[in-house]
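First chain A sits with chain B, and in the next complex the same chain sits with chain C.
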Partner chain A sequence: MRLPSPLRPAGSLLCLLSLAAAALAVGPGKHSSYAENLLLKTLPGNSVLASFRFVSNGTFDNHHSIFPRSLAQILHASRTKELHLKFTLGRWDASQWGSQIWDGRTAGGTGVELWAWVEASSDAEANARWTTLNNALSGLFCASLNFIDSTRTIRPVMSFQPDGHHSDDALARLHLLHGTLPREPVCTENLTPFLKLLPCKGKAGISSLLDGHKLFDAQWQSMSIDVTPVCEGEGEGEGETERCQLQMVQTVDMVLDVERSLRKKDSVIPKPPPIEHMACDPDKFYAGGDSCFPLDHVSDLPWSLSGMFGRPIRGSCPLARVPGVEPVHVCASVPDERPIFASAGGQERRQGDNLRCFVLEENQDFDIILPLQSPPLPLPLTAPPLHASRSFTGHGQEHGGVQAVLHNPSLDRAVDFVYLESLPWFMKPYLHTFSAALTDAPPTHPKIVQEIYYRPALDRRRGTQLEVRMRVPPNATAIVTYDFAKAVLRYTEYPPDANRGFDIAPAIISVLSRENDGSYRTTFSVRTTSLLLSLPTPDFSMPYNVIILTSTVMALAFGSIFNLLVRRLVGAHETGGLGLLGRVRERVAEVVARLGRRGKEKVL
Partner chain B sequence: MKPTRLLLPLALLSCALAQHTSNWAVLVSTSRFWFNYRHLANVLSMYRTVKRLGIPDSQIILMLSDDIACNPRNAFPGTVYNNADRALDLYGDNIEVDYRGYEVTVENFIRLLTDRVEPDTPRSKRLLTDDRSNIFIYMTGHGGNEFLKFQDAEEISAFDIADAFEQMWEKKRYHEMLFMIDTCQANTMYSKFYSPNILATGSSKLDESSYSHHADNDVGVAVIDRYTYYNLEFLENNVQTASSKDTMKDLFDSYDMEKIHSTPGVRTDLFRRDLKDVLITDFFGNVQNVEVDGEDGSWQEEILELSRLAINFTMPRRNGGCKSAGQEEKTGPAVRNVGAVRVEEKEGWSKNAMGVGALLACGIAWVAGSTLL
Partner chain C sequence: MASNLGLDVAFSVANASSTAAAEQVPLIAVTSTTEKRKSPPPDTPENIHTRSLVILSFWIVVISVGLPLWWITTAIYRAPLPLKEMQSWADGRACRAEFPLLIDVEAPSLPDPENLLKTVQHALDDANDFSAHHLRLRLSTNASRSSPEEEGEIVAATLRLTPGPAGSPHSYNLAPSSRVIDLFYSPSYSPSTGLSAFVAGTLREVFAEEQQMISYLLASSTPSPSPAPSCSTSNGNNGVGKVSTADITRKMSRIVRYSPTYHLTFSLFTATGLPSSWDVEHAISEYLQPLLDALGGISTFTVDSQIQFYASLSSSVVPTWAPGPEGDEGNGQWVLKKEDLSSFINSAEWPLVSITSYPTINFIIYIPSKEQSPLVISDSATNAFLLPQWGGVMVLNPNSGHSNEERTSHLSKEALKPALDLFAAQLLALLGAPTHPSSLPIRLDSLTRQRSAELLVSASSTLGSLYRLTLALPSISIPSSVSASVASTLSSLKNSCRELKNGRFGGEGGALEEGKNAAFQAERAFFEKSMVGQVYFPEEHKVAVYLPLMGPIGVPLILGAGKEIARLVRVWKAQRGGTMPGQL
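Here is the complex of A and B:
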């Protein structure tokens, strides 16, 4: 089966088109190749989106490949044909920032998300290889991926399709496994190995901007690795002559708050500015004097790369070169009316509306500066195909409910999507309570649920998988609800910070488009936020109290009863003569006493 | 080859005196929660020190029990400081944490020491030492008389560690060991050791607390413990390079009860060498003596053999022959057993009728039973 390249631009953003075109140029070839580019985009609310993208091609066998050997060995050992690994922190605010970058295909849900197509001849074998893969990746990326066990693994049916080129024969042998760790922190130790996979290791090129202190200070950030096989001779018959390479797309996306990033230079701890420096809303009835309602975003603040990231780009990575194509390293998606001043290390290439691109030179620092813009000049926003949010309903320690609100903002187009939930075993949904309905639909409206795949949970062995394909008409809101029961865990199954609650993985929503052959393909992905489920939690010191108290009572009761049963009370006058043993003991005591006396006399 | 064989006992004799060929460090912080920031700072300070003196990340096992650097409470994302002057960011740009969060458990720690791990465990999570390795073990957290609390949920006892070390000795997993611990009543933790070649030091004796040094008001909590602070002060001032000739005796002599506010202890009875002869870099640095034997040109073969070993070790699955495995896979068709099943909603009255029928049958049976009896 020939599938389109994973880099095919599915979005409508012009800037993405051009970037993706540059990336697409890094097609398969005899040699390994590498390209990198950075997209900067101003977002409303004085935020800047920085999207780093690194594409490297290579093979397993080539020792001089740009494709990192450490990862290639892991993929080989676990027979993984396609891998997607995401580290994400924060929430993409679609209402403010519009449609997610790269159509949401690169970012995962909060925490760590991993899915892979593993070659295996049976489910058991696939599970074993999946375990191998998780453990190896946990070592490579310093993350607790080894915690993805059978209870956190699902096998989605409709949500994911392989992005790479796999022959039909191979596809039949591939197993899709998916695991999430919503609780997993993402920090510098994950970025370090990520950068080490890059050919320039963060020393030159756009990756020199990547710094944990800035990345983990972002409002939203995502690091992702997608490894797919890419074969040459697309569309032709499959023969042994075709050359396949592995393509690795590493993406780091972050939304930086300009004000916060720039303030950090002076003082880390935020302090309110003096009232003279605040822009107040004069329309408030209490305005004037010492009362102020601060106005938001009266201007687009000035920023520069070195100001935001703490340093300029240190030249271009000399390996980022594709034969025959002029590389484009940095693009800024900024309104045309807003000036951009670039330093000497780069040449400007103007590309289309609201997009300016720069080609960097080797060994020369590069910086761009955007001056203050007042009044603010926002870019037109693209609405995502679907807005999604999810929350808990209900109360108490025994039951609960989940409600997801899915809104189709389009005025003329219905949207098809798959709603996927991966729930831990201790959250047990009741499928009969599942309902999906439009908020204001006429009774004659056809059902919005088209197809449901469900795998019930088994205690301590696997979690629930719920996959629902739905169709929401234009400008309508669907509400999905279901109830669940909370399991009571064993004492030792609680984590050390049990009172914090248990993180429930984000729901994954894959917006589908119908292909010519009637199958569906994911074109856009949305993740809801994760949820925090509070389970009935015992007082952990209580068992000790109970054990101690019970033991005391037991000891007292047993001791006194045993005493009553065994001890025979007799009066002194009732005792007869001593037995044989007693007489012997008496004699021995006498002898010992005499010897002792004699010894003392000698000493004296 | 033969002359080297003859020389072998001689070589062994020399190594028994004082030779190690690799340095490893196991750095463990066992406390969860933000207010235990200082324990993570302690352990990261030691991480920076051993890294500064040359032990590579691949030979450092760093166990961090909580996420402090990227904690939402941290006003300085991605950083951990051990001093209120905030001159040195311990987290830095290049850090590899091997065990983190919930992975830091007593079980994992003992498994790491004794190398009784799952077959899939990656190399970075294993202590791949041998009988020529010097190991520096540093632990910090909340402890008591003969125990150290892990993760606010469980504890390791002095006997557990002592037995784990004995097992390491029996398995020839270390040459010499330095055990350093900074907790309350720390000296009780090494009181049960009985294996040879262990040098142990702790921050406070029985019934003594171990105190924090100072707090940073912007971080909001204490940033380092006293014992670790003064250890670090000595190491920073005196052991500036890996070629430093300072000895463990110098380090132990620098301990000052006035400053530490507790009684640091040193246990030397298991250790065979005189502390005057033990360089600090024997444990904190990556300094080894190289022995060259068999200068008859066979080293090239040995290097080949070594590289072969390394390949087999890193890729055990390749060992059995990649081709045969591949062929075997090409045969049998994929057995697929999709976990999720399609749920269909059946409309119509047949199911309802069946349900009503079943209920009716039950009712009839009950009536019949009660009237007949």
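Here is the complex of A and C:
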């Protein structure tokens, strides 16, 4: 295991790529420009990270070319000035893969996450526009975003800062709203509209690799859309508004398992490989013959773009041009020692350590092939500033607890961050049970919680919002715990599969850095996994049972009282009648007597 | 055995009425059944009386408390609606729309204009088969021209009679941007040369299409109208420039539903990545904005535009290769057949939907790829087509003129002019402006009248639908907002009808504006959210909820009441028969 250094080697790569984006932002006065870039990075454990990044710029008026009209219309109708929409599936395994790509800023929590700065003069107006935005985006992306209602919306105070350029007057009128749908299954129907927003629509350029079957087969994948206003230069000069643009950054990041992708290509049905193709551990006592203990990571498997994605890149997108900058379409972050064979249709550019880039040509297929590498050559990993995990504690149908473990892996730097929980109203935390402590801290250690912002839930109207700013010293682990009570829902509030449980949105951890003016800015984001909360579920035929039972009781009471009042009771001796029961008995006795007589005759 | 039974302590329960029956015929009962049976002793009259009171009081409680409580808690609120009035509007009986058009006649050099006017008016009235739409001539004097506003009458057109060059026949000329019809009569004018017939013919021709459209609109709304569209075809021979009914139907079917605002989307779909920009903003403001401004009195427009690259045709659309004359491959072209046009729009992939609440009209320029150029639509001079109620499409083959590089990467304003001119014509057709007279103001006036008629008809028919809906679904609730909307619709309809009769079509408080309000309010009433939500209340659900309680309680109540009534009837019969009156 390599020790992570605070200075990240991959930083140079990110700088380079963001340079292209920055060049776009401050491009010439041209209205619209577009750039796209694919970064491939080998990860330990025969995984490959593929990160697609598309940057489209557009104007604020009604005439659109690169920037998609459908999205611009929605932003205009809902007065949304900045939008971040994330679709994520799976879990980024930070212990194996290291720090998340793009500092975790493009990925959201499991499911769908949306936050936006909406211009409004009051909270009510902001909520109305937020609803408009959700409904419109829901239609555009075929996602259930319209279910983000007031109970799933929070207004974070410390965790998010606008990324775009907003003037101070505009900022005063902006409202930040945040909503999550942890249960939303992200799938192909979300990818198709996502691709439609691109100018080349998956028909040329790197987006031609994106295919739902491969994308959603990945171990972890995330699609994100960030729309921000970007202005050229800082400060308020005259004519400043003319140089402002609406910039949309779309990213698709995924971690592909090389073995799995290649196996799928060979045969659709998963079959165990023949024993002669397996790398066995000879140290096991049962080794040899037909017994094999498979060894992991004995080699870096060979892979190619067309093998992993099912097809090569179909030439470059001709629209992806930034005047004055040579476009780099595909970059591979692979150890320098490992050879890369590129097909015709692309020219190689070496850009620093462990990074080779390719410039594609139009209308010509492009593919890269990496041969088998044995023993494996891993890239130096970067540790994230914080490792986070969260789980439920406790038992029973009534109470429960949450425990989050936050570990600062750095050996020399303390880390400041905001821990944000957005809980549904039916999960009611007790704030007095909230505790945050270091695992092995001396009692004299200062408190790690520095600031708490808490907005309690209102039943059926809004959820709990809990933001905690903390500071964890170097190489220390903090444990955050709190207890909660489970509410009992109404009969109609349960989903169709109530026994599955309710998804609780991931906690959002924003690592902060202090700016010169004393304010904090988010530099890195980590999401925990979502949780599954099981609530006591009723018997769903209950209402009818209750109706029938109470009705029966009432009817019984009524019937007996009524009968007592309106019927006349007479003694049996007074009537002399036998009644039905008596007559039946009489008849039975007669039959018995007759049978007895016959039996006697037979005996005789 | 009998002694055994005698030990039984069971009570036989006899109810009051059967007791009474037993009392009346005790001897028969005893003799007809076995001798073991013995009737119970007669009940006291006080007991019988109390029992009746008990049953009566139960029923009083059920009827006076139970039923009203049930009714109040389950009743559906239905605001009162003026059903009769709504029905009469829906049937077209409430308003007989009239479209009187005033025509000013200027004849400075004519010797006897009044006489000519009289003859022309006569000729017009005689030939008119649709009385709701009629022309009225007025001789224009300087005084009337100077103060047209005071009279409040709006002049639909001005007919200017001037002598033409000597020896020429009668002729007329209509400028494209004014309401003045210049009529040049032959200088050798005499009543016998048929000037009056020519004038009448000219006027009829100018307004023929509008008249037909309005008559079609009104006829389609009412089941038994006086001017059936078929009449016009039978009289078609005397009307100049009349269009066949099928033609009118076709024209009407492509008109977009009226809305006070439309959204226009101009889209450039290109099969490749080129051209990457177009000068649509300037082209629209130069070539189209004047028309949109002129249409402002009827509807307003919002405009946006987009470019979509790599737009593929849907798979069902396959152009065929047609080599040029004499098999010349260089002059060959790809041909789209008529059948292909209906599925030309690839709605699965082309992002054409807008989120605006008002209707969108799409205009599309499609640029085929180099491999499929030139792409032409068979039998189309403009290489364009109109999709009814949706928009227009033009296939553009950028070829001649510019150099290769220039041509492919940018579409200039000039290159877009033919397309935008075409779209302007298509827009007018989609909005329903008549095609015939060349004068735009007259056509727009026609459009105003036509739209007023359309709004009148659509608001009335919406009212009719609401009327039928409320009758068909008795379980639907009608909130008071619906009743308010209906009232507002009715008042607007009345106003609109009145304004039509007065000849005030457009402008503030005119027929069009009242019609707009009527249509808006009628739609609002019909699409009231809370009404839609409560339509579904299955009967099985009600049974499941009511039966467990109502059944067990209702049965003893009803049986008790039935027996009590039977007893009373028997007593009453016995009293009438005079037998054993002392029993009660």
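Observations on the structure shown:
Criterion: the second predicted complex is superposed on the first by the 493 of 604 C-alpha atoms of A that agree within 3 Å, B and C clash if a C-alpha of one lies under 4 Å from a C-alpha of the other, contacts with A are read in each partner's own complex, and residues count from 1 in each chain.
We take it that a residue touches a chain if its C-beta (ideal position, glycine included) is under 8 Å from a C-beta of that chain, and two chains touch if they have at least 3 such contacts.
In this text the structure is predicted, and so the values were computed from the model without any measurement.
Judged by the touch definition given at the top, the superposed model places A:357 against neither chain B nor chain C. When the two complexes are overlaid on their common chain A, residue A:451 makes contact with chain B while staying clear of chain C. In the superposed model, A:478 lies in contact with neither chain B nor chain C.
In the superposition on chain A, contact is made by A:467 with chain B only, not with chain C.
In the superposition on chain A, contact is made by A:574 with chain C only, not with chain B. Once the two complexes are laid over each other on the shared chain, residue contacts for A:246 go to neither chain B nor chain C. Once the two complexes are laid over each other on the shared chain, residue contacts for A:73 go to chain B and to chain C alike.
Judged by the touch definition given at the top, the superposed model places A:147 against chain B, while chain C stays out of reach. Judged by the touch definition given at the top, the superposed model places A:136 against both chain B and chain C.
In the superposition on chain A, chain A positions 73, 77, 136, 139 are in contact with chain B in one complex as well as with chain C in the other.
If you check the complex, the residues on chain A that touch chain B are 73, 76-77, 79, 89, 119-123, 131-132, 135-136, 138-140, 142-144, 146-147, 154-157, 172-173, 175, 184-189, 192-193, 202, 211-213, 215-217, 268-269, 431, 451-455, 462, 465, 467, 495-497, 540. Within the complex, the chain A residues that touch chain C are 31-32, 61-66, 68-70, 73-74, 77, 136, 139, 196, 199-201, 203-204, 317-319, 544, 547-548, 551-552, 554-556, 558-559, 562-563, 565-579, 581-582, 585-586, 589. Residues 1, 5-6, 8-16, 19, 36-41, 43, 47, 51, 54-55, 58, 265, 272-274, 276-278, 280-281, 302-312, 349, 351, 353-356, 544-545, 548-549, 551-553, 556-557, 560 of chain C are the ones touching chain A in the complex. Per the touch definition, chain B reaches chain A in the complex via residues 32-33, 67, 69-71, 75-79, 89, 91-98, 100-103, 118, 120-125, 151-153, 218, 314-315, 317-318, 329, 332-343.
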